[in-house]
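Here come two complexes built around chain A, the first alongside chain B, the second alongside chain C.
And then the complex of A and B:
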């Protein structure tokens, strides 16, 4: 959910929003920002970064009395068994994507090796594009640590090692989890800039690809759009299927594969402004 | 969260000590607390702030570098982009969308790949070239635009006071 939508929701609920009279001596923008922080804190305290796996049918309860959505959930249930929710903080696409993909790598050693090599090289590519080595390194180191934690389980003798639990812990540790998000944002930005003549067509207005990256990709909490997903999935060579569930008339929930024609390794559910993880049957 | 911030701040401190950029000294006020720094910034050559050594404080949030620090000069300042209480108002100290002054959309913004060094270099450019569109100090912005001689006189007095010299 976007911050704007959230503010609207919270204002409507009349909850925790301080009512203040207009005071011309007070910087209104600063007040708005303060309120924003408050809303963000509410979300932080109530929703984990990445939740537990839930039965897909748990979604139905959210749409009592809403036939359009209910029908869509029913249709999706034919394809998906579980859902895993993520915190709506603007980073949800990156967090959902990386969690779902790394979880998959726990059981796919070959793909893991391919990805690890690509991830290891990615830092040099970013530095070559002009990203500052010193700060990129900070995020890259954590990114590799998280990947290697997944890899560790490939060499463990006891096959019952709860790799999934470890991953869950790492992704719910704000520091590690956010660093993974930052690094994926950098990779996305790098891909956009490397292939800027292609991506320029997707950017509205007169903004250059570079400005777009500085304003919409690299900073935390900025929501992701198609262009982010295309760039990231292309850069990593990882197929993503996104199921778009909105108020459209069709009872089917449209699927988009990124990059086009790829074999999906990660499945995400999109509801306006937010991404969660899906698990196929 | 604060753990990664601390690690990053220690690394930045080391980097700034080993390779200090010209005209800048910065580090934690007290090594027990890496989230509060002091910086000394030399007024850029060829500007009305030349020769001055301006002390400032940087306060880092627990989720640094995801969010930017705040910066405040601790000496008297008179500059279009510095509030009367010393707080610095430039775009790099704000993430996009986080916009108290409505900066130009192309202006450089905070993102986690920025650093203390980048901030301080931006502050030096700000001292050299005030942005009189973003008026943190409206009087200073007006004087900068309309009466440069008077502005320079105030700047000179401030420069001298940072060096412990009496007004000219």
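And then the complex of A and C:
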């Protein structure tokens, strides 16, 4: 969502505020949550979970009159041809990552087989770590169904829509799409807890890794930081290159590879608070 | 979406019904309507608390976005018609609204009705007065624990069917 759109949302919300008088009998907590849900609904109604592939020029258009960003987009365009936007709902890293990776697996049968095996085993690992079998199974089943839908297209005889179209449909169906996000959150949490002595150093404050997972990883809509990306990419053995585009002075858009030194299979664009998918030339 | 919520809650319903805790009468759920959008939960007041012997009924509403958003829970009264009353720092003595992190921003889809009911029962055993829902109760809890205990005990007796175990200094 562009800054312009976002501010439009807030102005709309703001219009209603002056008419609300403080009422001590009303639960203020609930009012705040209600307003938050309204903002979320605006975003939900205006931006798809995963958008269509767009030419890079659409990104340039967003920054008319902003020289720093314009230059950065130009530099980025040397490496990337398309962008695919995701809904900014706090789940964007997980959604962008899984979409981009599964899309890649459509054309990479060998990698698909490796990943499918790993994904199939992941449930037992989570249950062994103490995650409740009842719910883990629920999310794992859907996760495997989505993966197998990609695999189905490796069979030459398979009829039906092109693989990319199917994937796009699944990821824009809120139920399935969110199930994939939940499962990736569980895998991330599992990885953090399995290797907690390492990850503990990256957690601010006095929180334990387990607390951090309960507060910042497992709940939906919680935004992802480096630590989430390192854990997920390590757990799945999938390299991610993130391009960080912020208001820094450098005209280059800094790239970070996770896990360090890996070969990137997925490319993401980070702008403060949000991830979108990038497609290299 | 609604379909996912209904499927999931049906399975969770079974999970609770078959759980050990139901056998021990610690928690329970019942259907209110056939569409699984509304349920009635029950938790037994934990031992060695002023809620011991009480039976606390919860109104559970399942949002369409379940399990990605938490179920909405309110404490309701059993036999009597009016709204339930429980004297606890993290539960509104007026509306029954509950302040518990997993019912707000720490809800994770991997949790279930069963874990929610057990967490609530744990909340009755261990209040968190630093994160209160009811400021008056929380203040009393911090400053005059004896009076708090007596009031909570009394409310349990009057509103939740707890045994008459009034402290002899009380009243």
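Here, the second predicted complex is superposed on the first by the 259 of 281 C-alpha atoms of A that agree within 3 Å, B and C clash if a C-alpha of one lies under 4 Å from a C-alpha of the other, contacts with A are read in each partner's own complex, and residues count from 1 in each chain.
We adopt the following convention: a contact is a pair of C-beta atoms (placed from the backbone, for glycine too) under 8 Å apart; a residue touches a chain by one contact, two chains touch by 3 or more.
For clarity, every value in this text was computed on a predicted model and none was experimentally measured.
J.: Superposed on chain A, are chain B and chain C clashing or fitting side by side?
T.: clash
J.: In the superposed arrangement, does A:110 touch chain B (first), chain C (second), both or neither?
T.: neither
J.: For A:134, using the defined touch cut-off, is the partner it touches chain B, chain C, both, or neither? Pick first, second, both or neither.
T.: In the superposition, A:134 touches chain B and chain C alike.
J.: With both structures fitted on chain A, tell me whether chain B or chain C touches more of chain A's residues.
T.: B
J.: Just to be sure I read the superposition right, which of the two partners does A:218 touch: chain B = first, chain C = second, or both, or neither?
T.: After superposing on A, A:218 lies in contact with both chain B and chain C.
J.: Identify the partner contact of A:64: answer first if only chain B is touched, second if only chain C is, both if each is, neither if none is.
T.: The answer is neither, since A:64 touches no partner chain.
J.: If I apply the document's touch criterion, which positions on chain A are contacted by chain B in one structure and by chain C in the other?
T.: Residues 27, 29-30, 33, 131-132, 134-136, 138-139, 174-175, 178, 182, 186, 214-215, 218-220, which sit in both footprints.
J.: Please name which positions on chain A make contact with chain C in the complex.
T.: Touch residues, chain A against chain C: 25, 27, 29-30, 33, 131-132, 134-136, 138-139, 174-175, 178, 182, 185-186, 214-215, 218-220.
J.: Over in the complex, which chain B residues touch chain A? Could you list them?
T.: 1-5, 7-8, 11-12, 15, 63, 65-67, 95-101, 105-106, 108-115, 118
J.: Considering the complex alone, what residue numbers of chain C touch chain A?
T.: Those in contact with chain A are residues 1, 3-4, 8, 11-12, 15, 67-69, 92, 94-95, 97, 99, 104-112, 115.
J.: With touch defined as at the start, can you tell me which chain A residues reach chain B in the complex?
T.: Its residues touching chain B are 27, 29-30, 33, 131-132, 134-136, 138-139, 142, 174-176, 178-179, 182, 186, 207, 211, 214-216, 218-222.
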